[in-house]
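Report on the following structure.
Order of writing sets the labels: A, B and C. Residues in every chain begin at 1.
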Amino acid sequence: MMVCTALVFFMHTGFAFLEIGLTRQKNTINILFKNIFIITIGLLMYYIGGFNLMYPGEFNGFLGFSGFGLGTDAAGLTAEYANGGYTYWTDFLFQGMFAATAATIVSGAVAERVKLGPFMIFTILYVGLVYPIVGSWQWGGGFLSTLGGDEAGFYDFAGSTLVHSVGGWAALVAVWLLGPRIGKFSEEGKINAIPGHNIPLATGGVLILWLGWFGFNGGSVLSADPAATSLVLVTTSLAAAAGGLSAFVVSTLAYKNYDLTMFLNGILGGLVGITAGADQMSPNEAVLIGLIAGAIIVGAVALVDRLRLDDPVGAIAVHLICGVWGTLAVGIFGAKAGIDQFLYQLAGVAAAGIFCIASALLILIILKKTVGIRVSREEEMEGLDLHEHGMDAYADFRMNQH
Amino acid sequence: MMVCTALVFFMHTGFAFLEIGLTRQKNTINILFKNIFIITIGLLMYYIGGFNLMYPGEFNGFLGFSGFGLGTDAAGLTAEYANGGYTYWTDFLFQGMFAATAATIVSGAVAERVKLGPFMIFTILYVGLVYPIVGSWQWGGGFLSTLGGDEAGFYDFAGSTLVHSVGGWAALVAVWLLGPRIGKFSEEGKINAIPGHNIPLATGGVLILWLGWFGFNGGSVLSADPAATSLVLVTTSLAAAAGGLSAFVVSTLAYKNYDLTMFLNGILGGLVGITAGADQMSPNEAVLIGLIAGAIIVGAVALVDRLRLDDPVGAIAVHLICGVWGTLAVGIFGAKAGIDQFLYQLAGVAAAGIFCIASALLILIILKKTVGIRVSREEEMEGLDLHEHGMDAYADFRMNQH
Amino acid sequence: MMVCTALVFFMHTGFAFLEIGLTRQKNTINILFKNIFIITIGLLMYYIGGFNLMYPGEFNGFLGFSGFGLGTDAAGLTAEYANGGYTYWTDFLFQGMFAATAATIVSGAVAERVKLGPFMIFTILYVGLVYPIVGSWQWGGGFLSTLGGDEAGFYDFAGSTLVHSVGGWAALVAVWLLGPRIGKFSEEGKINAIPGHNIPLATGGVLILWLGWFGFNGGSVLSADPAATSLVLVTTSLAAAAGGLSAFVVSTLAYKNYDLTMFLNGILGGLVGITAGADQMSPNEAVLIGLIAGAIIVGAVALVDRLRLDDPVGAIAVHLICGVWGTLAVGIFGAKAGIDQFLYQLAGVAAAGIFCIASALLILIILKKTVGIRVSREEEMEGLDLHEHGMDAYADFRMNQH
């Protein structure tokens, strides 16, 4: 579990590299700053209150809170941990490393035009309140976990819905409220690709994320049972590989071009897709879920563009759409498949969606009406690094105008 | 074992960074694409058939196959795993992460001029068939493992021959069939260095590979015996350090220049060299094997150039020549040293070499005669990224003509 | 423990990325070369004699040596390891990965103007002799560990003093003897920022260091006790997050600028600050130590500049000043707090400081008077890569004059 925690922490490096790699050089410092802020504040917010909001002990199933800080209910919790092969502290840290992920997903979607200060406020509220409340509905023993009575309910192994779509819904809302980057869509409706500036880092980022998923899904077994954990690692890796290959083949057929970015997003789509049911699937089913996720990615990226939503890193396609797919897949494939389970899954997707959309709208509209959420046209053109940070990410290199 | 599997997976990031770092910017996307393809298809091929080709259970010692997919013989295998401290699934994934390595080694040697499609076909065949068949001869209990009767035979702890030279022989064949990059050798016989474009990534790649070797060699103990595993990590690290320092000193004496690339390749040479006998050597012997490997690297790189073979990353020197050295070293140093063992080692090197050369020749000559294996002169000059991917790895940076 | 060893090894990648990221492109190869040399020679020196100098068994408390190489006292040591959950070999490797860190810290401070050859000699002496002698005073059971009798004494859990300040004192001495880089301080007393050339790598480096600290502090528990180890990971991570946020807030208030470098150095300051007492602090105390460390960083960086000391990466602020802070904090907060303990801590800081300053002065003044320690003005202007290595870190990119 402690190793898994370290790997999940390392995912933040992957997210940062992926996000800067797929965006422009002039906004690099800004993106790194956002990401570092998310990691540090996310962990502190989870320490201050998030953990006890997510795991409130006995509660009404919708909202509960067992106090600030750590260890308040430690005595009661210790018994639970005694058989689990991990400790209260490990549990906190592992979950705390997850928490920030939701905001990191949003960060990628709003990159290159969001105002830093308001985004930091959004992060504090979303990671500190929204994420743990949704999490409590299932992992904290809330109403989603008992939809079908004591024995059955919504199932989300490691967070296709509770982590990825929680970030994805907010990304969708934020992208819609912010509007596209200047130049992304021309007035005649043409879609212009804005190429990323450092594809090696983006690729490294995806490989680091895959590595981190070993910890993310592996650690979610929440025990050291070697058979269960190792099967989860196999389903996770096979879905990733299948997702990548599927996105590569579909996009090559569609666009007659070996598109590396699509390949990479296909891998991530496969990983997000398997996350809800990584412990419920056979290897063959994992491959199938990955293959479908990869095809979904190609279609979803095109759809998001068609809707004139500007998502520089493909966060909506990867985390929201494949998150939904993975959640529903638990009702279609694997040990839990069945019409009842499918409906539970649908209910979970809907409950999280409604609450996240409403929360994100509330927070972001208030911010938009008061301090504003988008940088000035001049700042966007010249780059956020110069304006907000007075720094250049690559001081010694000559750059193209862009 | 699961942690080791994660570390071995991470090696692919190291290989990718090393390969792009030592080549030119204009071919970066292409190289990343190749590497990502190798990882994903390698895992899937190993899942579909490779694992059961490599570990066929009882077989004739040369070729056996226990069926497609996983778990067909799980019942029989479980007994074996019960005492080993790891599971069937872990074993598959750990081995599957290895499998792709053989093609990655070739990838580095053929970089900057190989056609992507044919290389993908080569990868499927070589990783799906050649690698597991050679592996079955030893790790699957085949004829190499019993050369000297039931109690003695060829020994290759973690794959100096079975992984590294399997990749290395194909690299040699491919480089010879492809010919050098335009400009590498002038008509008067002059050798021109073609500098890599991102040495920080190359250096990071080597450090990641060293890290991954902890998993590669550590995990090959195939048990959680702490004394054995930890000694393997010590011999591995000492050989790496000695290899690097030796290559640095020898190359500084030879060329009056602090050559970072040689230092890095010396580290890799030390790692490849210790791989066959990491559990058989004392720390002092590990240092000695590393020192010799480092010196070999300096000579081998010069020799490959002299033969007018163009290997942009030094894969032949590192993986083939140091792979052979490490394999033979098991007969010279350590617990198994002796003339009989030396001959077994020689037989293993020869058997793998003959089969790999023949297979690689067969596959690549057919590809060359049909679809061709080399890109056009125009594409090579302008870069593979533009032609095959329509993308630039560093869109915002200005580049030198090259 | 073996996983922790791997993570600590990976820290060297973090140090290398951080150091090159914060310096200029023209000296990148040189810095990478230094770092790779430090890793390899550090491990070998520790193998040859360092380990037995640091853990001499029974000795006079100031200086002892139990022989060259490994395993000389293995029989005696085995008993000790039997209950510890790790082996003699693991212990050596884990400690050996630490050893090189002291020189790496110096490397960052002297970057961009130190002569490579003399720096290599300094590294051999400092890592081979000074570091293990100081370490023996405490971790080897020497006089610092028994300052207050058998039951009490100096306390330094994972090396705020024994690792970080040992490097930090030498960095201070070296920076003072070397003088600033050309252009850092104008004659009228103006301080010129010399921007780093690759901030994404620097940021990735800090995240890798944080990851490595999981191994550094986690492994220093020297047992597999899950409760103790996991609490250490929690205090370590909270201090890191608090340090970063504190440095960000303080520097934003002071300079009206979102300064990413300060944020990153604040994280490192928090990590160094918690290192001496990571197992003695509650989570709240860890947050407090981190918050103070972050504020210290902002002040210390300004102070070092004011003293016209040129430390390109902030090594003195991070490793020396926060190392001292973390060491003293053990006497102020946590389970050991008290006036006696505070005095023991002060004594430890002073003893290490005096010995390290004296040793560094001795080594560096001799080198300065004989072979010289600084490159020529011409070499510094044109870059060390060209002069000492004949290589360019980014061959295909166009560069600004700088």
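What we mean here is this: a residue touches a chain if its C-beta (ideal position, glycine included) is under 8 Å from a C-beta of that chain, and two chains touch if they have at least 3 such contacts.
Just so we're clear, the structure is a prediction, and the values are computed from it rather than from any experiment.
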Item to check | Touch-network distance, subunit B to subunit C, counted in steps | outcome: 1
Next on the checklist: Do subunit A and subunit B, two copies of one chain sequence, contact each other through the same residue numbers, with over half in common, or through different ones?
Outcome noted: different
Next on the checklist: Report the inter-centroid distance (CA atoms only) between subunit A and subunit B in whole Å.
Outcome noted: 34
Checklist outcome for this item: subunit A touches at least 2 other chains through residues 3, 198, 394, 397-398
Checklist entry - Considering the complex alone, what residue numbers of subunit C touch subunit A? => result 3, 7, 24-26, 195-200, 203-204, 207-208, 210-211, 214-215, 218, 226-227, 229-231, 233-234, 237-238, 240-242, 244-245, 248, 257-261, 263-264, 267, 283-284, 287, 394, 397-400, 402
Item to check | Contacting residues of subunit B [partner subunit A, same complex] | outcome: 2-3, 5-6, 9-10, 12-13, 16-17, 20, 28-29, 32-33, 36-37, 39-41, 43-44, 47, 69-71, 86-90, 92-93, 96, 116, 198, 201, 388-398
